[in-house]
Each structure stands twice: as structure tokens, then as C-alpha cells.
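Here subunit A shows up in two complexes: once beside subunit B, once beside subunit C.
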Partner chain A sequence: MTLGSQILQYIISGISIGSIYALVALGFNIIYNTTGIINFAQGEFVMLGGITAASLVTIFHVPILIAFLAAVIIVTAAGAFFERLAIHPLKNPSVITLIIITIAGSILLKGIAMFIWGKDTYFLPSFSGDRPIHFLGAAILPQTVWILGITGLVVILLSAFFKFTLAGKAMRAVASNRMAASLVGINVKKMVLFSFALSAAVGAVGGIIIAPIALMDYDKGAIFALKGFAVAALGGIGNFGGAIAAGLILGILEALGAGLISSHYKDAIALMVLLLVLFLKPSGIFGSAQESRLKKF
Partner chain B sequence: MDSEVLLTIRNLDAYYGQAQALRNVSLHVNSGEIVTLIGANGAGKTTLLNSIAGVLNSISGKIFFEEEDIAGLPSEKVVARGLSLVPEGRQVFSPLTVLDNLFLGAYLRHGRKSKEKIEEDLQKIWGIFPVLKERMNGYAGTLSGGEQQMLAVSRALMARPRLLLLDEPSMGLAPLMVKEIFRHIAELPRQGTTVLLVEQNARAAFEVAGRGYVLETGRIVLQGSITELLDNKEIKRAYLGKGYREVWE
Partner chain C sequence: MIKSNYLALLILALVLAFIPLAISNVYYLGILIFVGINSLITIGLSLLMGYAGQISLGHAAFFGLGAYLSGVLSTRLAVPPVSALLLAALFTALVALLIGLPTLRLKGHYLAMATLGFGQIVYIVFNAWVEMTGGPSGFGNIPRLRIGGVVFDTDLKYFYLVWGLVVVGLFFAVNIIHSRVGRALRTMHTSEVAAGTLGINTVRYKIQIFVISAVYASVAGSLYAYFVTFLSPGTFGISFSILLVTMVVFGGRFSVWGALLGTAVLSILPESLRIIKDYDVLVYGAVLLLVMIFFPEGLVGLIGRVFRPRSLPEKLRT
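The block that comes next holds the complex of A and B.
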């Protein structure tokens, strides 16, 4: 392989893992935008999605498409349940209380996953085989194509939802002004529930499509949460387009770093990006400073 | 029909933590009226409207709307009953378009059958405030203060309320804009919307209202028809300034 096609190879694998980071970051943003909370349990939804689909396919021999849908539905329900249990009962909680609760929630979800699945690693077969597609000297796994296609679809559906549907507009209204939203008749608490369910669904999709490339176990959530949070921060918290661009950037940086320097540094890159953003430009590279002054973080 | 009581408040107290902001407030609004409530900064006007609209729920006392007690209901349920609040400081959905703001004003009316009616109401709004039509695809946050006030009132009207609560619609607006907005407020009862208008700008409020209440440090201290209030020396001194009659007549 020439250096050129090798770099192309890294970039392609970076884009596919970056898509997952972008999906996790979208999950962060959906909840942030309706509630002002950073939900640190977001990574657990990714893990739950991947591990549920993998065990449905390998243990119960469910067809992949049905396992996909079932896992999304189960994790969506888990997201809604999490909101009802941990967030809903609080009256006027402070932001710091909410953050601690979502961290506690992520530990709890991880514990439940360990209880159900043990410490084993689960593997989901690729959606359509593993024979690589050759492109300019680089070998592309068919799963990469699935990842890009499904991520693209999720992004389009989400934007259409927020832009054109009544429920999507209502969620944006809640994000913009809670009091005014309830004054036009929007049930704010219902929208908060809905945002948790929606972001759990998005996280689950990410976990399922990445599972054939990254093995899944009960402990995978934290690293996805960290990467997703780094991406959300880099893209500007709450900024959807920023999350996608930042996800791809981080994914490519990681893949290049792992390929050209050493794979030991892979996870350190996300942390470095996060720290740099927080020190140098807390509003993210795509967020405006003025906007971030109005935010709670 | 016109003398039917729409809203009755009895012995309302409201609290912010330990601090009591309303004491034993009682008032009523008849169907078809414009009633104003005036008072200085911090008198409790916003607290009163927020208590009625369900924004504030640390209250005790009774609030009857169309003969049902709505005290303590959350805002979204109060709107559903036909009572809308235009909150202090307009509170438009800044990152949404003017059209979406209005569309969300009709949030509880959306359904298969109501599409045409909502469209009809939009046309009415365009008729009243043509500037909103011109800016309908612009973001609400980019409108001028006066335009935002027009939008806030219109958004509330999109719910087709039978009672509209207005919290200082004149705040921060140029006199000409105040005139324009109050001209439309004066029209509302004829279109089936009764109005409870909170103002610091007593002059503007007295121009459109038929009756009024005066709130001081959380208590109603005076009430009566506008003519009676205008004859009161204390009101002239405290809220209208000397030479009020000379200015307006």
C-alpha cells in the first residue's frame, strides 16, 4: 500500500468511528437543548444498543434488521425510564445536581448491564458481510458504508423533525424559553421525557452500527460518553451541525494518530481535544462566544 | 352576556419562598371588558398575572375562570381552558421564525380539522399587524421591540383565548408604538376576547380600559371605573403626574 492510500484508509475508518461520535454528540445536544442538562449517561445508551442487538443476533438468532429495531425500541424505553426515575421527580433541581444524577444514572445503567450480560464481550456480525470494497487502493469494509448511510439518514430525519414537525418545533420552543413554551400549552415535562427517549434512540443506533467494528461489553459506555462529549464541546454544545463536523474531525484525528504514531494514543487524542477546547474556546469551534454566555455551561 | 363574570379572584396570596408578594387580592373581570391593573415597580402585578396563568404556583386563595377554580393548574392546562398570558418582556421564541412562533401559539389547536381555521386566524393576524407578515420567515429574535410585542400578543391570540392577560405591553416601546399596540388592544373585546391589562403606564391603560384596580405592595388599594379613578387625587399624583388632563385633553 502506498502512503497515500494508507492515509485514505485511515481517513475512511476515522470517518466511520467519527460518525458514531457525532451520533453520541447529537444525543447530548438533543437533551441539552430541551433541558440545559449534560446527560453523562448518554454513552450507556450506545453500549446498551450495541450489546442488546449483538445478544439478540448471536444468542437468540434474531435476523439483524429485527434485532436492530428491537434494540432501538428497548433502549428508547430505557431512556424514557431513566428520565422518569431520575430526572422527573426533581423539583427545580440545580444544574450540578442534575449532572451528578446523570453520572449516578450511568453507573447504575452500567451495573444493570453487567448484571444482565456479565463481563463478556459481545460481537454483532456485519450487516452485509466482510468482503472489503477496494477504492483508490484503500479497502473499505461494507459496514463502513452502512455506518455512513445510517448516520446520514439519522441526521436528515432529525433535522427534518426539528424543522418541520409540530413536536420538533415544540422541543425547540422549550429549549428557547421554557416559560413561554408552557404558556402556549406545551407540556414541558413531556418534552423533556421525549428528549431523553429520542437521544437514547439516537445513541442506540450509533451503538448498533458500530458493534460489528468495535466489540461491545458492559463497560464501553464511558468511553463513548467521553468521546461524544468532547465532540459536542468541540462543535459547540447544542449545535447540531457543529457536532457532525466535530465528530468527523475527532474520528479522523484519532485514526491518523493511531495509524501514523501509535494506537496507544487513540483515546488520549479525544481528551486532549476536550481539554484544548475547554481552555481555549469553551464555546466550541462552531459555537459563538455570545451564544455560550447565555448557556449554563 | 356582557355582564357575565369571566374571572373572579378571591383572597389570593402569593409567595416567593418566605416572602409574601400578594396579600388577600380579590378582583373580577366581566366578559367583554377591558380591566386594567396599575401599580408601581415591584407592586406585584407580574406576580398576580403569573399566579393566574399558572406560571407561579406557590399561592393560596381561589381563582375562578368561567366558574371553575383554576388556582394551581399548570400553565399548559390554563391555556387549554381559554386563558392566555402575554408575559412581561414579550418572551418570543427568538431562534424560531415569526411564522413558527404563531404556529406554536395555536399548539393546542393543531389537528386534522383545524388547519383551515388556523390559516384563517393567521390571515387575521396579518391584517392587524402587516409588519409581521412581511417578516414571517425572519427569526423572532431579530424583530424590533415593538414588533416582538406585536408577535407576543399575536402568538397568544392564536390560542383563541376568551381572556387575555397582558403584562406591561408598553414596556420599553416608543410612544407611537404604544399607541399602535393599544389601538389593537382596544379592539379585542369586539372580537370576543376580554382583557386584563397590567400597566405602569397608567395614561395609556386608562385610554382603553373601562375599570381599573390599583395594586400597592401586594394589596389592592383602590378600584373603580376609569372615571372614578381619574377623579382620585391620590392616583393623579402617584400615577399620572400633575397636569394629566391638560396633556390628554
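The block that comes next holds the complex of A and C.
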């Protein structure tokens, strides 16, 4: 394989893993925009999605499409349940309280997963076989195409949801001004619930489509949360377009770094980027500094 | 207030002095040594959480830096343990300063994110830098701690050393709380703007407390290294950082005594109840969530409520 096609190969695998990071970051942003909360449990939704779909397919022999839908519904319910249990009862919580609460939620979800699935690793077969497609000397797995297609679809559906539906518009209203939104009759608490459910659904989709490439176990959530958060920070917290661009950038950086430099430090790349962003430009590369000064988390 | 704290410290020191006479079982003494080591970290962390109002999700990494630096310096470079401990603490303080300086200047909780990312990077380095750290399988043969002519080679000696340092650490923490820094931080809790108009440099105090809490963790790490004489990365991951936060919150994050209590309960219970050890993640998650929702002031707050049922919730009571 020539260096050129090797690099192309890395870029393609970077784009596919980067799409997942982008989905996790979108999940962060959905909740952040409606509530100002950084939800540390975001990674657990990814893990739950992947592990639920994988066990439905391999243990109960459910067809992949049904397993996909069932897993998304289950995780969405888990997201809503989490909001009712942990976020809803709080009155005027401080940021530190919210951070601890979502961390508690994340270990609780992880613990429940360990209780149900044990410490075993689960594998989801690829959606349409493993015969690679050759393209300019690089071999592309069919799953990569699925990942890109489904991520694209999720992004389109989300934008349509926020633009055209009443619930989507209401959530945007809450995001821009909570008080004003409640004055015009929007049920803010309900929108918070929606945002957790929606964000769980997006995370679950990410977990299901990546499961055929990355094995799933109960402990996988944290790393997805960290990298998704790095992406959200790089793109500017709350910025949807930024999250997608940053996801792809970080995915590609990581794949190139792992391929060309050292695979030991692969996971450290995203984290180094996170630290650099926090230290040098906390508003993210796509966020405006002015806007981020108004935000706090 | 400060006098009752000193009295409590004196009582604690007396009780501790007699514990080894009551407990002859080496296994229990070992558990108590770990409780002491963990307490040293959580006392520092509770200063950060309860007084500076910030949260660190990377204290396991500061603990790890203390442990690995001491271990590596003593075994590979034959640095005397006490010097290694001090060097490790100094280095950890510098690292904490480097993280705190940019992130604590910003409003909100950038520190939480930065420490989370930093903690994971340190964990990765412990695993990947095989020549220095032994990688995932770790490295051993760390010498015993030696101060002057005394070698701390028995559990009994180590018990007194660790708990002696815990008492010193508590004394120091109580003094910080009742010093200018502590008062400034308490003002900040009520209103950061008001504190600012009074000329309190809130950022500077937050950074100081963060660095101090990292040093507590580093010293605890060094003590850990010289006690177990073997290090592997598993001990220093994110889950331990979160367990430390859980201990502080469970005990009561507005009091250094809460940190001590939470650490003791959450370190001893899993040893006696097998089921907690098997489902530790589930149990800790549930504990943390329940405490935050139902009694955010933790065990100490709960005890306070039992004894003074009608008193107003007095935050930041020490």
C-alpha cells in the first residue's frame, strides 16, 4: 500500500469514528442548550445503545433493524428516566451540584449495565457484511458507509426537528431565554425532559452504529463521553455545526496520530486537544468569544 | 469555632493513638492505613469542593503522580524517600498550577473538564510509558520509607506515620478555613461579585486551594507507594477520582470532618460487605445520587440535623 492510500485509509477511518464523536457532542449540546448542564452521563447512552443492540442481535437473534429501533427506544426511555430521577427534583441547583448529579447518573447507569450484562464484551455484526469496498487503493468497510449515512440522516432530522416542529422551536426558545420561554407558555420542565430523551436517542444511535467496529462493554461510556466532550469544546459548547466539524477533525487527527505516530497515545490526542482548547480558546474554534462569555458552565 | 475544631483534633489523635492496642489483626490495621491515605486526599479535595466551590475529576492523577514519581525516583535513581516525596509534591503543585491558572480564571466549571481530561492523559502515560512505569503490569521493589534512622517497615509504624500526617493535614486545613483565605472563600460562596467589590482576588484564592489540594493528593500517593511497594496504573484511573468525590460528598462536602467520615465509611464498608465489592459501581452511583438529592450536606449535615433539628441549614459550618 502506498503512503498516499494509507493516509486515505486513516482519514476514512478517522471520519467514521469522528462521526460518532460528533453525535456524542450533539448530545452534549442538546442538553447544554436547553439546560446549561454538561451531562456527564452522555457516554453511557452510547454504551447502552451499543450493548443493548448487540445483545438483542447475538443473544435473542432479533433482526438488526428491529434491534436498532428497540435499542434507541430503550435508551431514550433511560434518558427520560434519568432526568425524572436526578434532574427534575432539584430546586435551583448550583453548577457543582449538577456536575456531581450527572456523574452520579453516569456511574449508576454504568452499574446497572454491569448488573445486567456483566463484564463481558459484546459484539454486534456489521449491518451488511464485512467485504471491503476498494476506493483509490484504500479499503472501506461497508459499516463505514452505514456510519456516515446514518450520522448524516441524524443531523438532517435534528435540524428539521429544531427548525420545523413546535417542540423543536420551543426547545430553541428555552435555549435562548428560559424566562421568556416560560412567559409565553412553554413548559420549560417538559423541554428539559425532552432534551434528555432526545440526547439519549442521539447517543444511542452513535453507540449502535459504532458497535460493529468497536466492541461494547459496560465500561465503554466514559471514553466516549470524554472524546465527545473534547469535540463539543473544540466546536464551541452549544454550537451544532461546530460539533460536526470538530468531530470530523478530531477523528481524523486521532486516526492519523495512531497510524503514523503511536497507537499507545491514540486516546491521549483528543484529550490533549481538549486541554489546549480549554487553556487557549475556551469558546472553541467555531464559537464566538463574545457569546461564550455570556454562557457559563 | 476553631477551638472546637482543635478539641476534635485532639480527641481524634488520642483515639488514633490507642487504636492499634485494640486492633491486633494486621488485616484491619492495613485497611485503616488505606483509610488514612485516602483521607489525606479527600481532606484536600473537600477544601476545593466545599470552600472554593470547584470540583476536580482528576485527583486520582495527582495521587498517581505522587506515587509514581516517588516510586520511580526511589527505585531507579536511588533518591532518598523523603526527598522523593517532597520532589513529587513540588512537581505535582507545579502541574496543578499549570492547570489551574488558565481554567480557574474563567467562570464556571472548566476546571472539572480540564482535570477530567488531564487525569485520563496521566492514566494513559502510566500505561504507555513502559520503560519508566512498567506499563499495565506495573513495577515493584519500591524501598520502604526511611526518615532519619527509622525505617517504616511494619504496619504498626506505618499506621502511626499515616495517621500522624492525617492529623497534621486536618490541622492545616482547619487553619486555612479560619484564615484570610478561608474567610475570602466563604464570602465568595455567598456572592462572587460582592467578594470582588471588597477587593478579594477570588481567582488567586481558588488557584491556591486547588494547588494545595493537589499537594495533599501527591503526598498521599507517595505514602501509598512506600506502603504497598508496588504500583500499577489500575489504581489511578477516573473511577478512583470519582470515588474520591463520592467520599467527600457522602461525608459532607462543606466540612473537612465530613471528608474524613465519608472516606472511612466508604473505605471500610466494601471490606465488610461482599455485595458492595461485587457491585461497587452500582452502589456508589446510587449512594452519590441519593445523597445529592436527599441530603446534599452529607452525613455530617444529617448528624447535625439530628442534634439541632430546628436550626437553619448553616452552610460551610466546620
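As a working rule, the second predicted complex is superposed on the first by the 297 of 297 C-alpha atoms of A that agree within 3 Å, B and C clash if a C-alpha of one lies under 4 Å from a C-alpha of the other, contacts with A are read in each partner's own complex, and residues count from 1 in each chain.
Basically, a contact is a pair of C-beta atoms (placed from the backbone, for glycine too) under 8 Å apart; a residue touches a chain by one contact, two chains touch by 3 or more.
Treat the numbers as computed from the prediction; the structure is a model and nothing was measured.
In the superposed model, A:268 lies in contact with subunit C only, and not with subunit B. Of the two partner chains placed by superposition, A:61 touches none, neither subunit B nor subunit C.
Looking at the shared chain after the overlay, A:119 reaches neither subunit B nor subunit C. Legend: residue contacts after superposition of the two complexes on their common chain; A:85 is shown touching subunit C, with no touch to subunit B.
Looking at the shared chain after the overlay, A:108 reaches subunit C, while subunit B stays out of its contact range. In the superposition on chain A, A:131 makes contact with neither subunit B nor subunit C.
When the shared chain is aligned, subunit C comes close enough to touch A:95, but subunit B does not.
Taking subunit A as the reference, the larger set of touched residues comes from C, when subunit B and subunit C are compared.
In the superposed pair of complexes, A:233 makes contact with subunit C only, with no contact to subunit B. Overlap of the subunit B and subunit C interfaces on subunit A: none, as no residue is touched by both. Here subunit A touches subunit C in the complex through residues 38, 85-86, 89-90, 94-97, 99-101, 103-112, 114-115, 222-223, 226, 229-230, 233, 262, 264-265, 267-268, 271-272, 274-275, 278-280, 282, 295-297, going by the rule given at the top.
Contact residues on subunit A toward subunit B in their complex (touch as defined above): 166, 169-170, 172-173, 175-177, 179-188.
Those residues of subunit B lying in contact with subunit A across their complex are 53-55, 74-76, 79-80, 84-85, 87, 91-96, 100, 103-105, 107-108, 110, 155-156, 159.
Considering their complex, residues 49, 53-55, 57, 99, 102-103, 106-110, 112-114, 116-118, 120-121, 124-125, 127-128, 238, 242, 245, 249, 279-286, 288-289, 292-293, 296 of subunit C touch subunit A.
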